[in-house]
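Labels run A, B, C and D following the written order; every chain starts at residue 1.
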Amino acid sequence: MNTKAPANSEAFLQCINCKKILFSIDFEQNLRVCNYCGHHHRLSAATRIAWTFDEDTFEELDTELRSGNPLEFPDYVDKLHAAEAKTKRFDSVVSGRAKLEEMPVSVAVADFNFMGGSMGSVAGEKITRTLERAADEQTPAIIFCASGGARMQEGLLSLMQMAKTTAAAQRCAEAGVPYIAVFTDPTMAGVLASYASIADVIVAEPRALVGFAGTRVSKQAGVSKVPDDFQTAEFCLKHGMIDRIVPRKEMRDTLASLVRTLGGHALSAYAANGGKK
Amino acid sequence: MNTKAPANSEAFLQCINCKKILFSIDFEQNLRVCNYCGHHHRLSAATRIAWTFDEDTFEELDTELRSGNPLEFPDYVDKLHAAEAKTKRFDSVVSGRAKLEEMPVSVAVADFNFMGGSMGSVAGEKITRTLERAADEQTPAIIFCASGGARMQEGLLSLMQMAKTTAAAQRCAEAGVPYIAVFTDPTMAGVLASYASIADVIVAEPRALVGFAGTRVSKQAGVSKVPDDFQTAEFCLKHGMIDRIVPRKEMRDTLASLVRTLGGHALSAYAANGGKK
Amino acid sequence: MSSPKTHKEWERELLELEDFIAKAREAARKEAEPKSREALEAKIEDLEKGRDKFIDVMYSNLGPWEKVLIARAEKRPYTLDYVQALFSEYVELQGDRRGFADNAIIGGPALFNGQPVMVVGHQKGRNIQERQFRNFGMAKPEGYRKAIRLFDMAERFRMPVISFVDTPAADPGVESESRGISEAIAAAIMKMFELTVPTVAVVIGEGGSGGAIGIAASNRVLMLENSVYSVIPPEGCAAILWRMPERGPDASKALKLTAASALEYGLIDEILPEPKGGAHRSPVETFATVKEAIEKHLGALQKLSPEVVKTDRYDKYRGMGRFEIAEG
Amino acid sequence: MSSPKTHKEWERELLELEDFIAKAREAARKEAEPKSREALEAKIEDLEKGRDKFIDVMYSNLGPWEKVLIARAEKRPYTLDYVQALFSEYVELQGDRRGFADNAIIGGPALFNGQPVMVVGHQKGRNIQERQFRNFGMAKPEGYRKAIRLFDMAERFRMPVISFVDTPAADPGVESESRGISEAIAAAIMKMFELTVPTVAVVIGEGGSGGAIGIAASNRVLMLENSVYSVIPPEGCAAILWRMPERGPDASKALKLTAASALEYGLIDEILPEPKGGAHRSPVETFATVKEAIEKHLGALQKLSPEVVKTDRYDKYRGMGRFEIAEG
């Protein structure tokens, strides 16, 4: 695994969950999981990639895709520019190829820092390409989800990304290539109700927020009382909606085992093709 | 529809549900549904066939199949002989071909009078042949269920009929031929947990008993309280397990519409083959 | 001037006028004296012309918010009205076969011009009891799972699928969440992309986000002129943008949720014109329009091979989205 | 003499003997004086020979009821014991993706001799907490629906399915009934017949009626020597036949529920011998036997084409049943 240098120069930081003070160096060593309460703090796409896949094997693709403002939605351009400045990226999804324990995988990782990881045309296109590459090249797909949902500012175009990405997941299934989704905090709404939920295997980070409707909406809508763990990964597990909750430090091993077992057939086809389609 | 002559020479009878006294002639005219409480009294296979399919179109098949006593199970032979004497049949299922509003259908009808409609090797074989004929001849399958479950006296052979009949239903589905099941009182246990529950469309007669475990077993097993309508057709409808509750007098029309719509493609293939495979 | 909040409120003057005309007609009917009756009838005729003009003006150049109100109008034809008008031998099938039943999505096999098809649609209710029974047209997971079952049958028995879209949203409650409303919607979308039979969706009222796309991902998507199709309800959008849900009318402009916008962005295939004054003012005319449109699109799709039907659908959605290409 | 009701009761004398030997061994260990210790050890050796002979006698010529007791024994290896012993990289997958999770059926992908397979099995518990957590190995609908999901993946990713059967019955409670336990079992059976990947089932303990066949309808079905497979629990059969559930031992004879009978009637493919004294007396030996048998059958099945794998399974079950042909 790769270096876990402190993200900033501060020696200490505070856990956003339990509010305890942590040593930055310990915190990074512990993959940004609080030593006290086990809270899994959010990661940028770059960090996630570095900590998950084989060192220096990630090849980023689709970098030319940039969100426009097709609806001329008020203030959207400003928000995009702010997000671009903050993340040095053109949108919330990073996509490409990587290796996991030397097995080739097609990868997409969402970055919550870019407009809450929301899915507009660019995110939808990148997810679609990731799943299409998986199908075409017979390499298992791994997608790390982190999103508040569809991107309102692209209107119906965003809604259609739900159909488009789901269609690509269907193509992946038909091609006999496993698709594994990782729900990180948060995985919500339009993303959850499309490509995220139909992965062959779904694992989630502990206590990740996972749900369809904003919590307020659900609570208003339901007459039944709201359980304490409502819209958490734990709630999803109890209700059969995900396969496992996997702590961050076991994530790489778990994903590798899933790729090796479920992806065995696809990877043989990949190898038979000389490692390329 | 065919003649509904009184089954016996008595002028009156008593509803087994509401205990009111009924005129036999009215009762028969009303398809043995109580005028007062709407209770659907059980029908023999012969009556069911006469009241459902086009007049004189039923061609009975598989009549040579007769239950033996493969396990040398105590008293089984006596029970078989008694059932044969009572029903003038060799087992609980009557199978064959018929027409419904001039459309060819593959048909099986269970007779509860033969050892509680239980499924042993013969019933399993007849259901299997009915579904295989449907698949092979591209004629929709209609099966009227009435059974207490698998026939204990044939042991594991009976259990295997669950797999065998279900496999035949799978073949039917793969052949693009619709299979419609009608749950009549009672449709239970091994029959419900095999070919009955995986029909494309399931309709039930009102208040038919439908369930997996004997009512006593379920009540013991569950800590939760037992609903009033537990294991009735109405309970199944509420829980999404059946498509419709169809009163006996609407059954023929409903089945015909289903065959005409769902079976349209299969029946075209049948017609293109000159009405035979 | 603040925007109207309901279709009734927006049409208030028109409804008053219609009410007045109805009363005048009643008076004329009761009037024994021929001269007076004639005079009254002449006046009524004038009033009716005035009303028609009123409708003309009101319904020409509708803004997005007015369309939202019309799309939600209680008097608008609902799915079962179309089913009754356009199909024969419809048998409604129920249940998800997993323990639950839903009444906000309905469906079953039927004949369309004598040809077997599978019908699926959201169903709203007109009075309070009906509305509760239909959960205001908001389907729970079991609704989408029933739809999947019907899609499966459609594929198995080679029946085209006609779906009618009319929902404010999928049910967002705790129960729905606990049974996986997100998975149900996603799985329904996925199933639609598996089909090799032609699929045609008609947005007849509200095309409400995920709840709509769950049964709308079809080869052809048609929208009635005054229906809307949106990623989020305008009130919800306003609440997020400006923390003022009452600014729904403004949000409805920003969201580009009209049929015209959807067509412009290449997201639907055709706009079906409504009768003057909206679909509810002449349901018969509306049914005829919808029927003809389905015939046309279904006819074209049925000329394609099953494989092409499927890739046509994939390619259609594959192309949706608008983005820029950054300079290398 | 009344029949024993549990494996423990049946083995009581043997267990006492084993207990005595253990105590003697402890005493020998503590004995400082070499002569006395030697004497004790010699006695222990005699006792052990006696015990072995005891086991020999007890476990030779077992009746059906004794097999029922052994099949239900708490000490018997359970599915997860086999999973741990026979496979690597097992990742347990959970959930039916419909709102519910079950702990009586478990499963997931794994490697078997380095080759990807899908493992599914009933899981019982050993202590009270575990037993409740596993619902005594009685799966609810969600267990079978999870199995279906795993079968689907196995097909999609070309993985053979290995299932371990060990359940008294499917859960018969009100909850299970309300979520369609019957449909879940039937759909699981149906799914197994759709598969074109090889499937091998091993009955390791109790093959309890519908609950068992729901994950057992495989290309090859193997039974451990002392496992049982029955259409109804013997106690239930006795209750129906004689209204005396305590006559289970008699019913167990009538039901022909042993591996030998199943093989005789052509319903299974092979009986796997157990170590002397039952699978639990030498799990390692049992695991080796089971592993070898799976290798053999899987190896043979993997030589067949996917289509043939499927028809092989169909034909196998198609031929099950015994009836007479009446004179025309």
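Operating definition for what follows: a residue touches a chain if its C-beta (ideal position, glycine included) is under 8 Å from a C-beta of that chain, and two chains touch if they have at least 3 such contacts.
Note that the structure is predicted; figures quoted are calculated from it, not measured.
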| item | value |
| --- | --- |
| Winner on C-beta contact pairs when A-C is weighed against B-C | A-C |
| Whole-Å separation of chain centres (CA-atom averages), subunit A against subunit C | 34 |
| Between subunit D and subunit C, distance of the C-alpha-averaged centres to the nearest whole Å | 54 |
| Inter-chain centre distance, subunit A versus subunit D - centres from mean C-alpha coordinates, in Å | 40 |
| Two or more partner chains touched - positions in subunit C | 97-99, 178-180, 183, 187 |
| Residue numbers of subunit A (touch at least two other chains) | 173, 197, 239-241 |
| Graph class of chain-chain contacts, one of line, ring, star, complete, other | other |
| Touch relationships between chains, expressed as pairs | A-C, A-D, B-C, B-D, C-D |
| Of subunit D, residues touching subunit C in the complex | 97-99, 141, 145, 178-180, 183, 187 |
| In the complex with subunit C, residue positions of subunit A that touch it | 63-68, 70-71, 73-74, 90, 120-122, 124-125, 128, 150, 152, 154-164, 166-171, 173-174, 189-190, 192-198, 211-213, 217-219, 221-227, 230-231, 235, 239-241 |
| For the subunit C and subunit A complex, residues of the former touching the latter | 170-183, 185-187, 189-190, 193-194, 209-210, 212-214, 217, 229-232, 237, 240-241, 254-257, 261-262, 265, 267, 313-314, 317-318, 320-326, 328 |
| For the subunit C and subunit B complex, residues of the former touching the latter | 89, 91-102, 109-111, 115-116, 142, 146, 153, 156-159 |
| Parts of subunit A lying in touch with subunit D, wherever the complex brings them together | 173, 176, 178, 197, 200-201, 237-244, 254, 257-258, 260-266 |
